[in-house]
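Below: a set of structures, written as structure tokens.
Heads up, the next two complexes both have chain A, just with different partners, chain B and then chain C.
Right after this comes the complex of A and B.
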């Protein structure tokens, strides 16, 4: 797959369709690839990588990249295309300046899950019959492939590319995922249990802002958390509830716009299941206003910024809040 | 440095009885920036206002907080007072310590505490108030009347009389509404059609009036003086212009088994129909649920017989957009559905009818040509029982808590008419109370009892049982004689409660007007502004606001017209300067605000900006048209980056109020 992508990228660079390519670049180790922009065939040959660890969503980078001169080729996995669509809807990317090649999605792997098995000094890995063979400095280790799948791929919502100019490989379908199971579990808790759950999780937050910085829905020119006039600007937690407010405010800000790409939880160094906050909103929106998937298309209106006379009355919030 | 004056009103005892006003004035005098804090018996009185004016002059105040009633009552009074002595009116804030405090609390200590907190919040807010200047916006000199019953017709005629264009939107194929179905009217017993149909004709012939029959309001945008309304003209499959109303199509239509709504389903009409002889417009309409041509493409008789070539089976719903300065709601009422009232056997027995059905049974254009016959066997009824308050003044969920107001009078009318025409018929009326306030109303009722010997019995009917011999057993109690009665009746007439039309609620949402729990539109003030809604530019006419008889409906319809004319004669109205604006440096151009704006006040521009790295970038940013913005604030909460803010209710002002309350 990687070779096909590089070959096609080189062709598009050579014929002048695009002047740059956004994809993933090898890191220091085999598992720490990062999003990167390539301008030449040489750079592509040397650094371009696409493998089980290229889980990151490059759509957000296109906010800036699509505003530069020339067209850029973007390789988007199915989940990334939802984010890209949503950004088009919000006028944050310039569609005409992006050439999209849809590429197959995951399941991608989470190196932390491999490390959690006590496997260190990872050099390389191979996938054989659902078993991962991991070459390390200290010899070959094995583990089940599914145990290493990253969180966002476990609850994959769709293998379908909702926007592309061309596809490499076949397009898939929207999946019947079990992504709301955990939300349901939380809903069934008592208010106190739920509060305790979130206090325990959110108090781990170190306010590194990685979730915000990676989130494709968080593309404000100036984030409210960086704006002294907003009244909620604060870099470091000043009291023990600060980080709770940060995540709650953030969840409200992306409500109705979050495509559930799962990047927030993937990048969290403290392993806080942040995506559950967003999923709760998605589930509520589905239940109150009918099924809605942000980014699934370019024309539908988000239920939270739209209304019709059949919308539920605000009192529903009170009714649902009653224990 | 702010110099704020605080003025605490006693409102007689309205506030002072529950709130220690002196303590409030004293507590607020210590708030930052407050230079004078006073209390007074009636702050809205001339001398009260002078107190405020003198303080502004004497202390050179930069802000005023009046702790008094709701800003809906007197905000304007105090703004005007401030403006008269040179203080910008938008530097006046009201702390509502009456409706939101003294009226709802009993304990003086807690109410006083709350009044102080509300006052503190207002002081915190006024610190951040900025002087604002109101602009003006033009008034579209055209009115829309929603509903073409007697209320809508009267309102439209009165507005047209004043020389303004007015459109009537009526969802049925003809105007006329419920009054067109009524046989005679109380208390004069003149025929409803004789007094209504001339008005219908007048409306259709008036050069200022356009009737959109078989149409509905699909969308409302805009604001007082400048509404944009989308009207859905439903496909009637007949060209309204070409149709002459000759009725040849109706005669030849082979589909004859369609329940006739105009006669309350007591007889049948054709699939193509003209509701009644005096319908306006007198144009045929095809019912697509029954027309065989529309259902399966087999028939087409009406098209063949139509000399005018008016039949158009391919007609589609049409949407037209029109601008209006004022909107008058006249959506009227319906009798409630009686299916749940098993005890009265309405669904089981055809001879148990509603009062509106009886109107049709007695009407010359009704199913029996005006002869009162039982629907079941077309025989003359000799004993008729009227049951009052079916679903009215009812505590349970089946009915309505209110009095439907018209039933006592129309039942007296029915009883009298029956006794007059068929003296051999015994008429019983079971009632809780007989309510006959109104000019010549009680005399009318007494005539029914004294002159026509109608048997009025205080008590409710417990059970109505159809018997095998075709008679109906009515079991009731006579509360005055304290005995149980069984009446062997031929017919039972139920005075069903009336309720607002079902279209009223979605319409209220579109118009952003308020309704009460019974879906009647709420007037701006129950005593002093009975025909205005709380939403500027929306007026209320007829039974959509509450149960009404015809004289009252017509009076209110004319009153609503007068209010609308008062608006339409103005060339422009003062705008609210509390409008939104966007901070372009923060704006992402994401369109969230545009999507939620109910007034279409937000547009986007590509603008060049200097970036921190000295380059320039073109960004899409929102701008608000202040003449269109109504200051609802929806955009400020939709904006993810906080770029949108509202004059007079800025995010920082609201946060300052919250902080003051939580302190």
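Right after this comes the complex of A and C.
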């Protein structure tokens, strides 16, 4: 797959269709690939990588990259195409300046889950019959493939590319995933249990802002969390209220626009299940205002910028579920 | 939680300028009583209430927050309260999801002619919040008054 992508990228660079390529670059180790922009064929040969660890979503980089001179080639996985579509809808990217090649999605691996098994010094890995063979500095280790799958790929919502100029590989289908199971489980807890659950999770927050910075829906030029008058800018939370507020507002600002790409939880250094907050909003919107998938198309109105005169009253949320 | 019988909650009421604020005024001119716990904040439209306002109210010591606006269809700005309705529904649902007591938050439509409804709503809401006791789950300890 990686060779096919490099070959196609070189062709497009050579015939002048694009002047740059955005993809993933090899890191120091085999698992820490980062998004990067390539300008020449030599750079592509040397650094371009596409493997089980290239889970990051490059759509957000296109906000600025699509405004530079010349066209850019972007490799987008199915989940990334949803984010890209949503950005087009919000007029954040210039579609004409991006050449999109749809590539197959995951499941991607989460290196933290491999490390959690006590496997360190990872050099290389191979997938054989659902078993992961990992070469390390200290010999070869094995673990089940599914145990190492990244959280966002476990609950994959779609293998379908919603936007592309060409495809490498086959297009998939929208999956009927069980992604709301955990939200439902929480909803069936008592208020005290829910409160305890979220206190335990959110109190880990160090306000690194990684979830905000990586989110493809968070593209405001000025952010409420950077407002020097808010009293909460650029500082670690010093009270449970600040933790709650940051996470409620962060999730609320992308409600109705969140495509559920799962990047927030993937990047969280404290492993807070942030996607559950976003999914709660998605689930509520689906239940109360009709099924809606952000980024699935370019024409539908976002639920929070739209209304119906027969909408339910807010008291409905106080009547259902467990107190 | 141990409920202190002398507990007097602080209630913040966001009232829209065109209906609910006039409704509050009418309940006053009609000499109807509503609890002094209620602190009214006038907003141009219920749609002006940013979710941050609600959280800030809780941070600064409110025990309950109620939003009042024109009845759906009667908004001075035609459609403001329809947006309020969706937005606030989702926010209240999220607060509930995080385990904040449900009776601390409410939304009520009060027109300029409903002075009696305003007084009754505020009495009822104050009663409900009184039963819950002080806001402990969404408070900022640095703001607590001893």
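By our rule, the second predicted complex is superposed on the first by the 305 of 323 C-alpha atoms of A that agree within 3 Å, B and C clash if a C-alpha of one lies under 4 Å from a C-alpha of the other, contacts with A are read in each partner's own complex, and residues count from 1 in each chain.
To be clear about the criterion, a residue touches a chain if its C-beta (ideal position, glycine included) is under 8 Å from a C-beta of that chain, and two chains touch if they have at least 3 such contacts.
These numbers were taken from a predicted model, which means no experiment stands behind them.
Engineer: Please indicate which partner A:301 is in contact with in the superposed arrangement: first for chain B, second for chain C, both, or neither.
Structural biologist: A:301 sits against chain B, while chain C stays out of touch.
Engineer: Using the touch definition from the top, say if A:115 reaches chain B (first), chain C (second), both or neither.
Structural biologist: neither
Engineer: Who contacts more of chain A, chain B or chain C?
Structural biologist: Of chain B and chain C, C contacts more residues of chain A.
Engineer: Scan A:281 for contacts with chain B and chain C and give back first, second, both or neither.
Structural biologist: second
Engineer: Touching A:244 in the superposition: chain B (first), chain C (second), both, neither?
Structural biologist: The second partner, chain C, only.
Engineer: Looking at the overlay, does A:92 come into contact with chain B only (first), chain C only (second), both, or neither?
Structural biologist: first
Engineer: Let me test your reading of the model: by the given contact rule, A:46 touches which partner, first (chain B), second (chain C), both or neither?
Structural biologist: neither
Engineer: For A:224, is the partner it touches chain B (first), chain C (second), both, or none of the two (neither)?
Structural biologist: In the superposition, A:224 contacts both chain B and chain C.
Engineer: In the superposed arrangement, which partner chain does A:7 touch: chain B (first), chain C (second), both, or neither?
Structural biologist: neither
Engineer: Who does A:204 touch here: chain B (first), chain C (second), both, or neither?
Structural biologist: neither
Engineer: Share the list of chain A residues that count as touching for chain B in one structure and for chain C in the other.
Structural biologist: 224, 305-306, 309
Engineer: Using the touch definition from the top, list the residues of chain B that touch chain A in their complex.
Structural biologist: Spelled out, the residues of chain B in touch with chain A are 505-506, 509-510, 585-592, 595-596, 604, 617, 619-620, 638, 640-642, 651-652, 655.
Engineer: Over in the complex, which chain C residues touch chain A? Could you list them?
Structural biologist: The touching residues are 51-52, 55, 58-59, 72-73, 79, 82-83, 85-103, 105-107, 137-142.
Engineer: Using the touch rule from the top, collect the residues of chain A that touch chain C in their complex.
Structural biologist: It is residues 186-187, 191-198, 224, 238-242, 244-245, 248-249, 251-252, 255, 277, 280-281, 284-285, 288-289, 303-309, 311-318, 321, 323 of chain A that touch chain C.
Engineer: Provide the residue numbers of chain A that touch chain B in the complex, in ascending order.
Structural biologist: Chain A residues touching chain B: 67, 89-92, 219-224, 227, 229-231, 253-254, 257, 301-302, 305-306, 309.
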